[in-house]
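One structure is given here, and the rest of the page talks about it.
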Amino acid sequence: MPLSSAQLIERLHACGEQIARAGSELAARGWTPATSGNFSMRIDEDTIAVTVSGRDKGSLSPKDVMAIGLDGHPVGTIDRPSAETDLHLQLYRRLPETGAVLHTHSPNQTVASRLFAKDGVIALHGWELQKALTGYTSHESRVDVPVFPNSQDMGDIGRNVAAWLDESRPLYAYLIEGHGLYTWGRDMPEARRHLEALEFLLACELDLKRLGGTS
Amino acid sequence: MPLSSAQLIERLHACGEQIARAGSELAARGWTPATSGNFSMRIDEDTIAVTVSGRDKGSLSPKDVMAIGLDGHPVGTIDRPSAETDLHLQLYRRLPETGAVLHTHSPNQTVASRLFAKDGVIALHGWELQKALTGYTSHESRVDVPVFPNSQDMGDIGRNVAAWLDESRPLYAYLIEGHGLYTWGRDMPEARRHLEALEFLLACELDLKRLGGTS
Amino acid sequence: MPLSSAQLIERLHACGEQIARAGSELAARGWTPATSGNFSMRIDEDTIAVTVSGRDKGSLSPKDVMAIGLDGHPVGTIDRPSAETDLHLQLYRRLPETGAVLHTHSPNQTVASRLFAKDGVIALHGWELQKALTGYTSHESRVDVPVFPNSQDMGDIGRNVAAWLDESRPLYAYLIEGHGLYTWGRDMPEARRHLEALEFLLACELDLKRLGGTS
Amino acid sequence: MPLSSAQLIERLHACGEQIARAGSELAARGWTPATSGNFSMRIDEDTIAVTVSGRDKGSLSPKDVMAIGLDGHPVGTIDRPSAETDLHLQLYRRLPETGAVLHTHSPNQTVASRLFAKDGVIALHGWELQKALTGYTSHESRVDVPVFPNSQDMGDIGRNVAAWLDESRPLYAYLIEGHGLYTWGRDMPEARRHLEALEFLLACELDLKRLGGTS
């Protein structure tokens, strides 16, 4: 049964508050420089809440978050969604358990995406913190984070994501070259735990490389 | 029509508040060590507001900001403007859309200015965040940030800036060797977005180099 | 004479408050990413207070800290202790002066543990701050921090710790490969001083290596 | 005319407040890890105020600061001064303009002291921020920061400082190998400006080296 308008507005506001709080904390870490980054949460089966285009992620309020259908149509607003909204929608459609998606832009994420672009993937293994990703129970497992080429056409990026998912390979996050990280979870706390763990793992992987170590 | 004295005083105060807030936030990031850096805003066609020489940029108040004509004459004050005021005035004269100029001195900016001094320019390309610079719409474009030699004579630096502008090459920011960054925008929010984006891009460029990657 | 229930509850609460404050300050430095890390304090000869499994270390309250006997049995609670509690208990049993144990997970600690894993030890010498470790009085001494292999079976790690202690070698801290640092002290302030000093020493050791220096 | 007891107590308290504020701000930057570092100010021609041994520099109050004569005798207290007080006293005796001395222990200072120990000096040139050191007016000048060997006997270090001063070479700061930085100024604001500038310059010098640049 679809939500009533009143229910939708209430849930949109609740999502907006969670997104604003996340934005404030992630911006303070320097992960959304110069208004970059965008965030979303699922409102119901067919609708998500997503940040409006171009807002400063460090000072979001619920009115900077709008509703959009999984089909891409804004719901009850004339605001324009973030330019990368299609990538959010794809994740909610293809991975129905997804409840929150975070796209950030830290220096470590961005540098790692350039450095590993030619490999197309960063293979993380041997780090205890891999266990912070839902489904992983040992540092001996291997976490593959794909690195897709950047494009100003979201369709190009989406096709690469789809190709990976079509092969039924597990996917918890991906990088776009020179651009940053997408990660997600069943709800906002899980998405944030995944983000915090991946930022840490990429930071360690890069630093080990700077020091001439092998992972 | 020129501003009345009362209007000038009011606008100077308003600029002073914006400059003080910017100073506090930029100093907290460590971008104005040991009283370095200076900031300005346009008051009207012929007059700008600029920080007084030698003040701690982390604890500015509007009384640390003075008015100066585009001709370099202080307006209604005996304060001495920042030693580098001529570089600010040049930008307001040559680029009439300019509404705010920020000069900072972060470790990344300063180190990049030394490292790329022999090339005379840092060519940024392949980074999504280039799009945070007004006028850029793709990571595939190329942003040239010139690196000019340092001098204790502002005229020497100004002549190099002028030569670049005379060739009608786009200019959004420049570095001075061993010294730091100048950037600007139509208003203070745009100038700050440019500064935040350039600091991020220089940080990424340096880190990629540390890691042996090629950009 | 064993503690009365009322005394135990009171002391558990007091330990909980110290642990929560430590957690808040260490999380703010980024040393417990994504709910990693765990902390404990001695309540009496046979009982310790330890963080409950899986809590965010940056927002602990005394109710996130439970009592457990040195024999490993929870005392007066159905909470589950941190998965690594056995490593805490081992330290309280083998080193009776121990009053507080801290396990953290900073990038420097984690990267150092990978880089020096093949040596099995990091030998610190020549740093004045070694004197912050109780018992050391000169930078000319040598502090050995062993690096043990990681395992999802705490028994494997514990056996390596025991083997080191059986040789009566001094032990103030150890690293687990890809995983982080354990350190301790007679009370929480000493444990925190040890942690702060070791984090500093590992950071310096790594940076000296990045710069091609020899220690 | 010597100070009366009441005047001495009042000035000691005023110095204690300035030292406590400096300690709080420098500790927050991570420059006094694990109770390291010590600070002093001149009370009058013959007496200085110095931090008591072993206190946490991030939470000093005026009662953590004691008076001591230039001859090394505590004045009106049974507290023990910082172990390195003799190095402070030497600076007040040999450089009579000195009003405040700061000894800190940042990672950059400590790593630089190890890396350049074999040269015995770090020669800074080409950095605009050298001008933040009183007496320097150009980036083209050269600032020599000597690096002296560490010793647990302050007399050994003091003899090296004296030998440098005996040659009438300018001295604004020195490093002790593996140990940290001493710098000073006519008053606390100047000493802090020197410290902030030197930390910045050492950070840039190290980073330029990491990047393979030459200074």
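By letter and in written order, the chains are A, B, C and D; residue numbering begins at 1 in each of them.
Note that a residue touches a chain if its C-beta (ideal position, glycine included) is under 8 Å from a C-beta of that chain, and two chains touch if they have at least 3 such contacts.
Being a predicted model, the structure only gives us computed values, none of them experimental.
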Centroid comparison with chain B (C-alpha atoms), farthest chain: C
Whole-Å separation of chain centres (CA-atom averages), chain A against chain C: 33
Centroid spacing, where centroids are CA-atom means, of chain A and chain D in whole angstrom: 47
Multi-chain contact residues (two or more partners), chain C: 210
Contacting chain pairs - touch in the sense defined above: A-B, A-C, B-D, C-D
Partner chain A, residues of chain B touching it in the complex: 126-129, 132, 137-140, 193-194, 196-197, 199-200, 203-204, 207-208, 210-211, 213, 215
Residues of chain A defined as touching chain B within the complex: 33-36, 105, 107, 110-111, 114-115, 150, 152, 176-180, 206, 209-210
